[in-house]
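Consider the two complexes below, in which chain A is the common component and chain B and chain C are the respective partners.
Moving on, here comes the complex of A and B:
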């Protein structure tokens, strides 16, 4: 058994599910569970498939996958979330089973691949699945815009990859890192890295490449909201982290440009969320700010806390989008005024939503606080005082709009609204809120892992 | 030279995507951009000096200069992906036309 099964099995199941649509939803459940269990038995390491010797440089050309703790955590999160989101939408979005299997295959491939061209292929597979998932919003213009922006992003990424291939004669990420280190001429890789960063920035929702987000998440439902803001955002943050940590060399003026862009992304995201009155827009702009914080942490080498932040954000945003999108569907509006008093008759849902939101804000006793405290401490350790100030200012803005939202949802307005959450929704909300609470009060397990979970540089240095 | 031509095509495609408000014209621009990129990829593998296609034959190949086969493999995959994306874009264009009875983005409004 090796890691390629994590890609091949969902892909095969996706094809089978097209032939027999009746078994498609059950195939997705079985494959999702299979992937999660398989991850317990797979050993860390590189896997080579196919390929041929070129001038005795074995394995330079061919499919190469890398499974390490970093990829394993990401895969557990992604496969688990897809499974949970699908279970919650089992009745309403059964027809999307094949697409979710395709998304699973593409995202697993993105997280595992050590080969830049295969990365592009998986980027397109997961991208096509994402466009199809967003078609559930029934807003074809927004979906079309997403497709166009996504296609430009992946084309720029491929442009960067091809330029790198022309320069170093390999597509294997580890061999390429070794070649770049050996050449030492970082100035010549600025162009391909910039093109690749823009390409990934589109999917990772980084400013200014995130023009598609408002159209897609602003009209999301209980499937598309958690899938795009939870699953896809987490997967893209993980792969962006892998690239920023290991491949991209941000130095000098390029580092300043990237840092300023990301800092602007944090502030702009939170300011836009602050000025919005629509609940879904508040959540999506908050996601943009959080994605920029994650990228900024990777740029500064704070890997492990960035990983925890991705996981906490993915879980939190899944709960928040599920709560809001279900309410929006039942009430018929996502205006915060229209949803006033949502939690009056849904106290348990209200409690879990409040806990999750407070965790995103970074309040004590919740996982978000532990994560924020630790990454701010690490940033202080490397002297990034300006970045700390920016994140704190953004946190204050975030605190204001989230508290304003929570207060509105708890206190009733003139008319009473009725939204019913079924038990499966409530169970998921409780589990996630409890997890955030447990890791917020007992953070010892979080400190057991460190930045060495990403082993690419170790493989580069030791072979 | 061909690399400059491919980059110009790529830029024309992006320009078309930014300025066009017609869904079909945008899809055409997307294809122009992809063709530019595909030509660029192929041009990377070109080897001057009488290079031949990388096809294994029964005759002795030693000493012959081959063009790089990898970009050719890459471009085949990129073309297939491009066709898939175009097909999906056209499917969305059809849905847009069914919903709004026009291909012009300016003439349609998506309310919340």
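Moving on, here comes the complex of A and C:
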């Protein structure tokens, strides 16, 4: 068994599915399950492709993949979520199965690869898949805008990689980390790191590179909403985390700029959500703020709780977008006024939505609270009181608009609206809400895993 | 021994059972809730007074408890208010939209209360505070206004966030989340920061000026049985934080030597005085009986802050006693209004009148409660105000002194209005069929009446317990015997006052019995301005009661509301600006930002 199967099998299946449209959806189910199961059997470590084992020594050749606990958690989340989201949209968006297979291959590749150019290739593959997925919104101009901005982002990333390659003569991430640490000249790498950070920032929804988000998520449906705000956001946050904690060296002015941008992203995201009346916009702006928090945590070296935050956000946003987008489809508007009283006849959905939202807001008894308190404690431990204050002030604004939204959704306006959620939707909502509730009240497993997340170098050094 | 942990778990379990029972039968679920709260109250009262609660934790992860006089005092008062209010549930819940969850959230918030006052860990404290906030937040929209919940939540969460930042500063300095070790380790600038943050939290929760505007919105619109909980119990969380900040942290700011008071404490006292004055003025103006009482709570919060700012035993005794007296009085008053609202469907004074004929017991309960609020003997409010006045005068705090006396006189003006308009006044035709509240609701009414009087006549025992708290906080307690309280300016014998009052009432009653019976006149058997009155509503004098006084500050009265509305509007505009700057449909905007950032970064480094 080899980690490369996680990429190759979905890719192969994507090609096969083009030949036979009928089996495509089932192929996706089988491949998704296969990936999840395969992850149980794979061992941590480096995988060399094409027999270039000497690559590590010669510093030059070959592509390798790196599977560690960090990547494993990310892969489980991504593959599992794609599978669940597709199952829920099985009837309505069957035609998208090939694209989802492609997305699966691209995202798995992103999370596994240890080669910078190879990373760029996967960035493009997953990017193309994302553009195609968003075409389901039937808003071609927004998709086109996404495509253009995405292309700018990945070219900047590529440019950064080129500069790094010119400087250190390698594309192997581990070798490059060693080389940069050995040289110790961080002023030289500001340019490539800035370019790469911006390139990833576009996909990770960081302000101000994220203008595409409004058009794409603001018109999302039950497929694109959870896929972009849940799966892609999680994958890109994981990737960004990998780069920030291992490769990027943020020091001096670069650190200031990055910190300011991320802090601004948190505040601006929540303030923009506060000023929105459309439910989908509220959700998307809130996820911009969350993405910035995650990145900020990585910059400050708070890894494990950032990972949990990514997972909790991906699950929460999946539920929230599913609930809202289904309602929007049935009601015909996503204005919060138009959705008044949505939960009057959908009490179970309302309950799960409320719990999930409370978790995003970081209120007790739910996983979000445990995560928030722990990462804030770690930030306090390194004396980042100002960042804590920024995150918390933003959370006040966040709390207000979410409560406003929840209250509106629970209490009817003048006209009653009827939205029907089928059982598969409800089942997913319940499972996710219960998971958040369980980890919110019983957090021991979360704190136990604390020591098993290492940086890439630790993984390599420990074999 | 009663274990705190088990009581909390019991409440959570009882909440779930109450939910299931309420689903099938609202009455049954509510009765169960009464017994659940009663069990907790009895356990607490049985073991807590002697500090015999079991504080070991076996099941709850990461939670630790300790027993303090301070925490117990708050806990027992709040649990008592919860118990009193729970008697109202059977008669109110059936009207609510999500009645099933009402008892569940009610009991969950009580679990939070127990935890908050028994924990010795800051993170636990924050956990329980947030738990209380969100559980109660969902109870409020079951009442009149759905937006009230947002305002309540916004201010509460702002308060807890301020507290959390303070907690993390403490952690950063001391390396511990233990409340008592952490606060003790603070010094210098850090202590001032934490003090300010905790004071913000205290003001937000207590609803004191300038963080008060949620108070009338939430109290006025909350479900009728929940308003007493808000006013009598939940705002007291703010007082708890206030005690931690003012007495436990007490940062070394400069000293006003004339008053021998640190500047920080003095500023809080002044802000507290402003709460008293503004609360009183706003209450005088208010037409809705519940909102009126909410403003009165704001003013009483001010008294509590003033008391804890003056760092001596008498002031503390006054502050702690005021917490109890106000909890009893405001619970009594709000519950009386709730009973009227249940019978008539409104709390607007101009729509009500003559309720004394139909609901005499409720009337009496309200009367006794407002006498206590106004600080007139022989009720509990008198004792606490007497102590606070003593402390203020003794320190020579002129402005604060003016404010506390103004608040006392002002409260005559406003508490009298609901009495006159709602209970006395003319009986209106539409309420001819109204009946007195049912027996179950009268039980807490009688208990509260009794306690309002008891606290005013025999404060000795309670003050002795309060002395334990004061000693625990590191100050000397006051001198108190069974019948007498020693103040700085004299000795008070409340029992004697009570006796004289009783004798006076007895004589009045005798005169009433002995003298000739007055002739009972029908309401319409009168004329005014040379006209026969043909409709009862014309005799109603609840509207514009204090018009000349109100005109003095008519224009200024909505300044704070305007301020917060404008603040929300500014945040919204800022969001729009953000969307304009960052969320443009024009791709070149994104490119501009990218280029700008790269140039900024490379300027002077590579370029």
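The working rule: the second predicted complex is superposed on the first by the 444 of 463 C-alpha atoms of A that agree within 3 Å, B and C clash if a C-alpha of one lies under 4 Å from a C-alpha of the other, contacts with A are read in each partner's own complex, and residues count from 1 in each chain.
The criterion applied here is as follows: contacts are C-beta pairs under 8 Å (C-beta built on N, C-alpha and C of every residue); 3 or more make two chains touch, one makes a residue touch a chain.
Model, not experiment: these values are computed from the prediction.
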>> Under the stated touch criterion, which partner chain does A:187 make contact with: chain B (first), chain C (second), both, or neither?
In response: second
>> Just to be sure I read the superposition right, which of the two partners does A:411 touch: chain B = first, chain C = second, or both, or neither?
In response: second
> Does chain A have more residues touched by chain B or by chain C?
Replying inline: C
>> Quick check on the superposed pair: does A:403 touch chain B, chain C, both, or neither? Answer first, second, both or neither.
In response: second
>> In the overlaid three-chain picture, which partner chain does A:321 touch, first (chain B) or second (chain C), both, or neither?
In response: neither
>> I'd like to know which partner A:375 touches here: chain B for first, chain C for second, both or neither.
In response: neither
> Just chain B (first), just chain C (second), both, or neither: which does A:148 touch?
Replying inline: both
>> Looking at A:124 after the superposition, I want to know if it touches chain B, chain C, both of them or none. Which is it: first, second, both, neither?
In response: first
> Common interface residues of chain A with chain B and chain C?
Replying inline: 148, 152, 215
> Contact residues on chain A for chain C in the complex?
Replying inline: 145, 148-149, 152, 156, 187, 190-191, 194-195, 198, 207-215, 253-254, 257, 261, 268, 271-276, 358, 363-365, 369, 373, 376-377, 379-381, 383, 385, 388-389, 392-393, 395-397, 399-400, 403-404, 407-408, 410-411, 442-444
> Can you name the residues of chain A that touch chain B in the complex?
Replying inline: 61, 117, 120-121, 124, 128, 131-132, 135, 139-144, 147-148, 151-152, 155, 158-159, 162, 165-166, 171, 215, 218-219, 278, 333-334
> For chain B, which residues count as touching chain A in their complex?
Replying inline: 10, 14, 17, 23, 26, 30, 33-34, 37, 40-41, 44, 70-71, 74, 77-78, 81, 84-85, 88-89, 92-93, 95-96, 99-100, 105, 108, 110, 112
>> If we count contacts the way the header does, which residues on chain C are in touch with chain A in the complex?
In response: 61-62, 97-98, 123, 126-128, 130-131, 133-134, 137, 141, 146-147, 149-150, 153-154, 157-158, 161, 164-165, 168-169, 171-172, 571-576, 578-579, 581-585, 587, 589-591, 593-594, 597-598, 600-602, 605-606
